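We just call them A, B, C and D in the order they show up, numbering each chain from 1.
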């Protein structure tokens, strides 16, 4: 932590700051510039920088050490590679996840699973518990949905990923699901993060709508601190002033995250744009930007989908995209298995 | 719902749209303009507008009816007034809540309660379970904290408000707390909202960092739909590009919310600005803008506070502000009891 | 400037950084922490911090000295007070400016001037050159508009303020206008700032829609660096994700600016909210937050206004607000003359 | 324009709205729903929707026709293709522009021109007039800079693009420059747009930092309305809450713009990210998303650059990227000549 004193701060001000940080376990290194004196505070515990900013004569306090450790590239230089049902995320590998927004019926999920499996997809997605802005909107099939997607996945040799919304759902997810998803709205539901961190399954952690990359990595740190090392970060669009698209997909998060962390990062172009015809270009762009995977909404009959049909691809469209991505990936020094 | 057809859309396109909405229970009202034909869809169930936007020839789909009902001024014209321990929120009344960010020790909370009670405050705040960005930061005293604040409140005849973070904490909050707070990060934790809606105590619902006013009212709708009618909305700053203050306090939310909803709205200038010296001007501004209450962080010794001391007032500062607000309120046609 | 080296950066990395800054005229002060070494760079010229961030082993570079000087409280401790036609801005004074968005006709501006003057207003606003999003929208009366507002002002003993959009308009503004306005869209039109800085009249500098407070003060620095010292800053709402109001009025900018700078800051609640019924509460809130003035759109017949009638007050409404503000100001330790 | 009446609005309210729009030249089409009556207003002139929103009984007013015409795909179905010095933008073509942020000296610009020309680049960029946040920062070489870049371009058979900041600079740009750039800060400098629209040279119009896509297209409409048809739109990052990168590059603007408009859209990954090591992935992503061109900062000696060296590629890095893009483009059904 660096404490920058105001131009013209008195020696007394400086002494008080030094005393303040010493009583909190820090050592003080003073360096006097032309305009500002800077006090380096070294070795103490976590402290709120604003507490010092309010002392007389202090201009600014600057934190240096990143708050995340386990998720950092400093802690682990090598890319984390996560393998699920033969599909790999991280390193050179791009993993693909596809499926409907919501599990609607046995027929629907079976048809989806069949179509996707036939194309070579190895992981299916599908929501059983749905976070909905309105209390009057369809809230998902619940456990019945999980049973149905498990059944479909088993029949077609797929792994299952689905969003968990609450601690009490953990036993259900341990039973039916292979990869847990933490949704954007729960990215800072810290109690959920703590409990889920003990589950022995990979976790997809979606970025919150207005979460900085630092906050997102801190949320991943909660999961790693609790013992789970198989975390896949998922960018799904941030909230900005632009309203043409539902969210603004922040693709530069890919190289930024890959520099800061060893964890794989995947993109959700369906939620990130909210529009079917934007999924193709944004999936292509994600791969070209170096992503480690994609999670794409595909529905056997999007026009009849209960939820988010407008951002779901038709199976035929997905097939074309999938084939194209397999051509694109090697050009970008990546592999889609 | 209004469906605007593209300039040059064919009769066939139009027919398909009409058929589509009819099979979903809507009636169609067609009106032909110079440039665009508009189809009014009336009487059907909830439908995702984007599903129709993807049909050929459709330019745009516009939703008309607000999604919230119970929280709306249309549903209830008169201001909801909520009274707790003699303190009123709503109508002409401005209710005041004060106390430390976090419950740290018996001594601390007793001192705070004593000082506040002496000034005439009737509701004390204090966190026992703390949402922290870092897993390594102090997470609150938990149940012990609730016991301590209850004890202090009972001694000094105060009501207690504290943040609930998880469904399993409900029994504790029913036992120790008078007003439950839902924090900004949990504003769209829909499972929590549903469960808390059955608790027979008033709820303070904070606005999410990047929640629109419509989403915030929809979250309140979850609470009302579940049976709770004593909801206090709390604006605490939104996330914008400006970094001088921690968040940007959206004071215009006060007149906006009061026009749309009958629920009281209070302001949290401590979190809204993140800086002690901004609490005074923003509290004054909130009252002048017509707010129904304030929740302010006050600590007996902010320099020693474990958490958010930098945005806490000294008791003496709070006293000055409180006295000033009592002079200001009547000028703004409001009352602080 | 402080250069924070990465954990594990080599001595060679460090040496290279030191050499780099020395060849650019800086002295280096090294302080070694537990985790990070920090190099203080003192005394050199302006340098882009990112140039150093790209050197091997560098974690982060932190600028310390603010880039603005003349507008800073460090440069001038005392509030700048600007007096125009007997109306004062700054210090304890709240100055009021009112008038229509656009000058439409002699009749309209005469009626407005008459009504406002009768109420005691001393400065009238009115646009002659209008920045319009669409090339097909009314672009203002131009010089004719300035002639008309000058005539009206002279008749009713008012000062005139109007927005200048281009360098070539300076002679016109020198002739007809008492206070020049730089609009939000031109806040970083640096050529305009440079030329206008030589005009010997006060300037109202509006904050850009997405300008940080630092950028805004830097724009004011352009004006002061050019020799103009009579600058009034004007907050008029920033762009955020919230769409209920046209912009989000950042009232906390008032105490923030007053701490950083000696310049007066006024609020434009008409553009800041875009809605007539929000002008009253936001004007009240601005005064309570400590603003030095208000600029409010008033039209003799808002329903017939060519432009922005929806955010203009009726003269009668303005009168009520004006009277109320005069009661409010002393409660907030301010004066409306 | 559609006017939605409130639930429970009276017949009198409705009549008043109908009368209001009729006196402004509109025809009224009334359609009564279960909850809301909707009045379609057809055929009148431009009107501010908020004027109607303030009438009694009105819930909401919805504009239908886009405000831009000439830039719209409705006006022109076929992609506009712009060719400059053999380099094409639009349709299947990806045009490349490269060069330093700022023209610093004859030696520098000659070296850059030589290196780029050797690689096959046909258009060089370089700033002579620089928009700088601080009045104390280097403001560019001015006309001398334009003379130098022209000389270099002529020697190496390149076309020149440079940013114009002010109307009075038009003659200089007509003399020395082949493509005019309008910078992000001037996107809504409407006077500049109007004057530049008469220049008979292509224009690159950068998106403002906080401009919506609609506003950006409206700014292009100013240029087309003035007679210029050779407009290249340039996305260069928008301002959001995320601070890791200088701006957030909105790559989804590519498919959005290409659907709404026939104009080519290029990407500026240098300003869009602000960091050299993000240029490669974001350039790749831009091409994969379907862009019509790239403008990239390349400096012969970035470490010594006066300005923005941190976001400039070394010539060698640019060469690698350029070669890679030529491999990538055909995979994305595009051509780099």
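Some observations on this one:
We adopt the following convention: a contact is a pair of C-beta atoms (placed from the backbone, for glycine too) under 8 Å apart; a residue touches a chain by one contact, two chains touch by 3 or more.
Treat the numbers as computed from the prediction; the structure is a model and nothing was measured.
Two chain pairs, A-D and B-D, are compared here, and A-D has more C-beta pairs in contact (counted per touch definition above). The chain with its C-alpha centre at the largest distance from the centre of chain C is A. Here the spacing of chain A and chain B, counted between their Cα centres, is 26 Å. Averaged C-alpha coordinates give centres for chain B and chain D that are 38 Å from one another.
Mean C-alpha positions place chain A and chain D at a centre distance of 31 Å.
Contact with two or more other chains is made by residues 210, 239-241, 243, 277 of chain C.
For chain D in complex with chain B, the touching residues are 2, 4, 6-8, 29, 31, 33-36, 38, 40, 42-43, 59-60, 62, 64-65, 74, 210, 239-241, 243. Note for the complex: chain C touches chain D at residues 46, 48, 50-51, 53-54, 67-68, 129, 131-137, 139, 165-168, 185-186, 188-192, 194, 209-210, 215, 218, 221-222, 225-226, 239, 274-277, 303, 305, 307-311. Per the touch definition, chain A reaches chain D in the complex via residues 210, 212-214, 238, 240-245, 248-252, 254-256, 259, 272-273, 277-278, 281-282, 284-290, 327-328, 331-332.
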